[in-house]
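Per-chain numbering from 1; labels A, B, C and D assigned in written order.
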Amino acid sequence: MTTRITGGRVFDPANGVVDAPRDIVISDGRIIAADGPSGANDEIIDASGCVVLAGGIDLHTHIAGGKVNLGRLLMNDDRARFPEPFGGMMCGCGGGRAAPTTHATGCRYSQMGYTAAFEPAVVGANARHAHLEMGDIPNLDTGGFLVLGNDDFLLRMIAEGDGQQAVNDYVAWMLKATQCCAIKIVNPGGINAFKFNGRALDLDETGPHYGLTPRRILNTLQRAVTELGVPHPIHLHGCNLGVPGNVKTTLATIGATEGFPLHLTHIQFHSYGTEGDRRFSSGAVEIAEAVNANPHISIDVGQIMFGQTVTASADLMSQYRNHGIADPKKWIGMDIEMDAACGVVPFNYRDTSFVNALQWAIGLELFLLVEDPWRVYLTTDHPNGGPFTSYPHLIRLLMDKPFRDAHLERIHKAARAHTRLAEISREYTLEEIAVVTRAAPARTLGLKDRGHLGPGARADVVLYVEQPDREAMFAAPRLVLKDGDIVVRDGEVVALKKGRTFAVHPPSDPLMDKRLERWFDEAVGLKSSHFQIADGEIRDGEGPELVETQP
Amino acid sequence: MSGYRLKLRAPLDARLDLTGITPAALAGLSSDAVARKDVFLGAQRVALGELFEVSSGASDALVVSGDPRLDGVGADLGAGEILVEGPVGADAGARMTGGRLVVRGDAGDGLAAGLVAGRIEVAGDAGAGLGSALPGERLGMRGGVVQVGGNAGLRLAERLRGGLVLVAGDAGAGAATDLIAGTVAIAGRLGPDAGRGMRRGSLLLAQAPASLAPGFADTGSHDLVALLLMARRVPELAALFGGGVSGRAQRFAGNRLVGGEGEILLLQ
Amino acid sequence: MTSDDESRDDADRIVTDVVCGFCGLGCDDLEVAVSGRAIRPIKACAEAARLLARPDQPPPAPRVGGQETTLAEAAAAAGRHLRGSRAAAFSGLGADLDGLRRVFDIAMTCGASFDHEASGGLFANLERLGRRGWIATTVAEVRNRCDLLVVFGPDPTLSFGHVFERLLPSAAGDADAAPLFVAGRRRRVVIIGGALSEAARRALAGQEVVEIPVPTDQVALAAQALTALLAGRAVADLPELDGIAPALVALVEPLKAAAYSVFVWNAGVLSTRDAATVAEAAAGAVDVLSVTTRAAVFPLGGRDNITGAHQAALWRFGYPLRTSVGGGTARHAPDRYATATALKDADLLLHVSAFRPGAPADFERGPVIALAHPDTVFTREPDVFIPVGTPGVDHFGHVFRMDSVVCLPLAPLRNAELPSVAAAAEAILDSLRRAA
Amino acid sequence: MKINGVEIRDSFAEAFPMAGTRLIITADTPRWARTAATSMTGFATSVIGCGCEAAIERELAPSETPDGRPGISVLIFAMSLKDLKKIVPLRVGQCVLTSPTSACYAGLQGGPAIPIGRALRYFGDGHQVSKKIEDQRIWRVPVMEGEFVCDEISGSVTSAVGGGNFLILARDRPAALAAAEAAVDAMAQVEGAVLPFPGGVVRSGSKVGSKYAGLIASSNDAYCPTLRGLVPSALPPEVGSVMEIVIDGLGEAEVAASMRAGIAAVCELGADAGVVAVDAGNYGGNLGPFHFKLRALMAPAGLAKETLEGGQA
């Protein structure tokens, strides 16, 4: 029994297919070659009038783990205002928009045509929790990026000159132990410095205790993931997040990569200058130029969207700096287990605020000025820049210049004078949207059977009814298929499926087991065997879906 | 007249949540449509008509028969009037932004929690946490007026942020805990441990308290023009204290432990 | 029976590095001897030893109306009761994560409010954490950074036997576990509250310990006063502080000078008001200190995986415990859905207690279903009793440590002949599905 | 037109728009309420030199005041709302806040908010207390004597009218003064209008401009009896002295009512008391939009209406 989707306009840029009238044929949850004639058993899905895309992939969205739960705790008002619609068995009795419940997260994502989402800040000590939550998210494949770069074990190794191989072994051990699929660095060395009462740490500043610069930590981990063959390069939340003038740091970081690939996440928060009488300006042009000139750099934007949200970050140094502008006035900070930290600060971005309005414009400038869509991934850094449910709106801002200009007219006047957004005429094409929301994230994460519609791919397929209002179009697809089964029809969730969890398991020297046993015993106060997450603990015994490493 | 009358068919044996059943929500609906409205009985949705006889009332007010398990009466009320002929349960008038709620009986816990504006009158006693903050919220009742004819329970006006609360009877333990601003007047006795964590605001008393939470300074007796002003601008306040507010009061300021500058005024 | 054969096969062995899920401290270095069904603790605190010990007896069978029956029959009976209920209250909730997830599924299906046996302290702390937040820390950070620990309240070792060994391990004389970042490796520990037990004193040997004796009902006042003094408020003259003011004043400079001070209290042993006040004061002290140095709170609590129940409720429903779910929505009301209050209006009680023999509260308004420890002594025979295994004894399970960050795996010690809470709940869900 | 032998000249008073408010000042005793009010409305005769125009409106019985103590109502006017918002807190701060036992309340509701406590509260150095009753916020500022209580704001009108006036042309100075006093007494009964000049009377009526650069007003020489013959005079030969009454009111109707009461009182004294004529000051109708025509004003009821309508320039 096969399913044939026929009559639609197919956008599959990973396979060079752009706006082609092609059939997509599905068998056993995977896409197969479409050249055979339709069999008698074919179920036909008529896609006429539809644009056919692979399932959407969000590679940076805070959907699970301790800090998200702290966000839920603080956002009771948001939770009450956005209950899941009552839909019989499809309702998980949850809700919330800025920090939605697991069930709501899966349903809302799949309602927009997304089939995979990645939690980009799994703290080792909290990894088991993050996986338990991810396992409770329906209709989405998930994966976690492990936060390293502030962990005392690593910093001590680097400081004591243990050598790259030891670092590689440690990184490999930690990835497997935490069942994560990439390495994230948050404010390299900075979170650790804050634990020693350091309040700022720039790229080439020496941190307390270990005497390491963020640059050195970054380079060491870049080399480690490259040598281990982890597909996604270091996922970097750089130094000085949100600090006016941090564009210098970001440019220096791009220049500090020593040729290793690097992903700069939520780069919007790292693209601020100090020009103008308010000492806050857009650095988007310089950043975009640097990204354009450095093909080994990729970015996601972390677009901010106006409205209430909550920011959740491992970067307690930055969050402590910002907690005074929390709205509502409450926030939670936490130092975590010699691994990292977290800070959860509710925010309300207002278009009447000069800073917020300019942040909004800077994000869009970056989207529009970085030329190669394969190196840009569409994110709001959910929920930090805004809830992921705003993606259809964001897509329209990118695809529709008059719509964008109309919004520009509404923002803080002085901010308007500080952005070049009005001069930018670029509009994203459907092909480019397919790249930034599907093909490109799959490629950078090493997901060979996701993000495209070629034979062998998982049958995660979305049919959007073509309409000029791109926000309406991307908000409510006609059909979403997860592994070949229809989970969303006309924007409504009609079935719940278990997702999978991606992980990488690069090999490590058994000696590292011994070293870490001792470290956990003596410093952490937890047995390393209890820190490590067994395959059987993932997805109720399903185990992880391993992503191939290519050393 | 456009108001509805909801008459309970039988006393409730589980808690019934009437949140959202307001004159505005019923305006323009046929009585059949009113009877089909969903409410929560225990943890389950039931139609209003299963529990109530729905009929047209004699006024614009929504008239409801009372029951101590009837929760959320007048919650989210924005305009219009709700009259309860008997007691209500928890969270009556919670989050109200306007209108008037009259309860001809006792009220349960959380009366006027998160109240923004409007008037609430309760003929009998009120439960714990009158005028307090909703779960997870920093601020309690922000405005409006609440009049209680009987006693108030524990933690009266906890985290109160504004508005006026008048209690003709006694107040339980922990009154004015973490009170932020606003005015609370108690004609009866004040329970123990009042004013813990109090930041600002006024607690007006007719009877000397047996004790207060630690952290108050006795600033002595004063003639306070503000009391004269309040007594004239708020006739209910003057009435609560028998009409004779002299302006003279002993003033306890605090709570010093939290850097607070609230006041507990013993009227003389 | 193959299970009998297997239990003979792995008779008489010593299991080390056992993870403990009882008090929430998350000790994972316990030792037990296992012989058939019997478990004999070798290395454990008194509480864990008591709860881990098992005789070599076959487990009791499920009962319906006092009559022994099968799990399937008991689950079917539970399902029938649940289907007839519209205002169920779920209490206890002493279960591993998987068990809790299934129990929540039942609540969503049938409609129920739920609360955990030990939630009093948690909700007192939420008065600060949920409304305003705080800066907290975790076990490993305390172990390695804390140079000044302030404890409010009675001796915490009474509830958490090895708390000082876990948090301040160097005191036990283990040189390898000396704190990495504490200058001189010697810490100051200030106890503001009850006198320390001998065990606590032993655990703290080698640290500089200051005891400020304060009666339990004055602990909240002392905590408030300390924070006020840190904030520069002149409150030392308050008559209520007579006797302790000098000791508190003497603590101000050391706290300001400390690199990483940590404030600890056990909300569960104070009155709700006092616990909330202590939480507020401790978090307030951290706010003041954080301007110039580092400090954090470390609330003690977490018995019987309450932290896991709190976490799972948040990620499932977006609200903490004491929430009613059903009819496609969730309504959170901490007062109304606290077990004692909820039972005044409920028409069914489902009680879960897998970690210890904890009987449900007296309840006469409707049927009682108990998924409980086999040794539970009931004052009233439940309408349905399904004896369940203990996570980390009879089956695998996940529990959260009290710092809410670390989730620990509990492995079975013996061959499970008792269903887990998850399995029992799944059987009930099954019967509900079949009936639907 | 003649009333009781007094000529009502065919002239008009030319008035201009102002922003104004009413404040109620109370104190423990009438003496201290009046003291605060007098001090607060002092040096407030003309916007030209004082920045505002203010005067006591009337005494209030305890039953009429917000706090039940003796009170005084005052009206205060400025050329713009901006000026009024500056001048009110300045004067209340210097003259009422400082005056023993006083309190200061809004005498108008609605319209643009004029800060009272909103500006003065900072004197409390953080110890000030606010209290919101219904929709009105009050401030309590600790002072050495107890507490200074005031409303946060007062309402205001921007349709106030300044510069209503009339001139009493009399045979001699005693006659002019007696007529002016009679007018002032009568006008004191009119609510919503005040006479900002000393005792309500101005003897130095002015014309616009001067031969000296920088002076925007100078002596109204056409009405100066001692200059008769030197300059073109507006005075008939029998007039030996002229006095002016200037009126500011919360609205056009109040000014008209006040003028009518004043002129009627003057006319009641009549020609026998030495009053010759009533005239009014204007600038040819080019400066102010409000024209109070004397004859229409003093005509029987039917015509009075026309005065007001016709007054809209």
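As a convention for this text, a residue touches a chain if its C-beta (ideal position, glycine included) is under 8 Å from a C-beta of that chain, and two chains touch if they have at least 3 such contacts.
Keep in mind that what you see is a predicted model, and the values were worked out from it rather than measured.
Q: Would you kindly count the fewest steps from chain B to chain D, each step being a jump to a chain that touches the current one?
A: Minimum number of steps from chain B to chain D: 1.
Q: Highest contact-pair count belongs to which two chains?
A: Looking at every pair of chains, the most contacts join A-C.
Q: Please compute the C-alpha centroid of chain A, do the same for chain D, then give the distance between them in whole Å.
A: A distance of 70 Å separates the two centres.
Q: Would you mind pulling out the distance in Å between where the CA atoms of chain B average out and where those of chain C do?
A: Inter-chain centre distance comes to 35 Å.
Q: Just how far, in Å, is the C-alpha centre of chain B from the one of chain A?
A: Comparing mean C-alpha positions, chain B is 46 Å from chain A.
Q: Once you find the CA centre of chain C and the CA centre of chain D, what distance in Å lies between them?
A: The computed centroid separation for chain C versus chain D comes out at 75 Å.
Q: Multi-chain contacts only, two chains or more: what residues does chain D have there?
A: Within chain D, no residue contacts more than one other chain.
Q: Going by the touch rule set out above, which residues of chain B reach two or more other chains?
A: 135-138
Q: Of all the residues in chain A, which ones touch at least 2 other chains?
A: Expected reply: 73-74, 76, 329-330.
Q: Please list each pair of chains that are touching.
A: After working through each pair, the chains in contact turn out to be A-B, A-C, B-C, B-D.
Q: So in the complex, which bits of chain A are touching chain B?
A: On the chain A side, the touching residues are 73-74, 76-77, 328-330.
Q: In the complex formed with chain C, which residues of chain A make contact?
A: 64, 66, 68-69, 72-74, 76, 79, 83-84, 86-88, 91-96, 99-104, 123, 125-126, 128-129, 132-133, 136, 152, 194-197, 209, 320, 329-338, 344, 521-527, 529-530, 533-534, 537, 540
Q: Going by the contact rule at the top, pick out the chain B residues touching chain A in the complex.
A: Interface residues on chain B, with respect to chain A: 134-138.
Q: Provide the residue numbers of chain B that touch chain C in the complex, in ascending order.
A: For this pair, the touching residues of chain B are 13-15, 17, 38, 40-46, 69, 71, 90-91, 109-110, 128-129, 133, 135-138, 174, 177, 193, 196-197, 214-215, 256-259.
Q: Quick one: in the complex, what on chain D touches chain B?
A: Checking each residue of chain D against chain B gives 26, 66-69, 101, 103, 105, 127, 129-134, 136, 138, 140, 146-147, 149.
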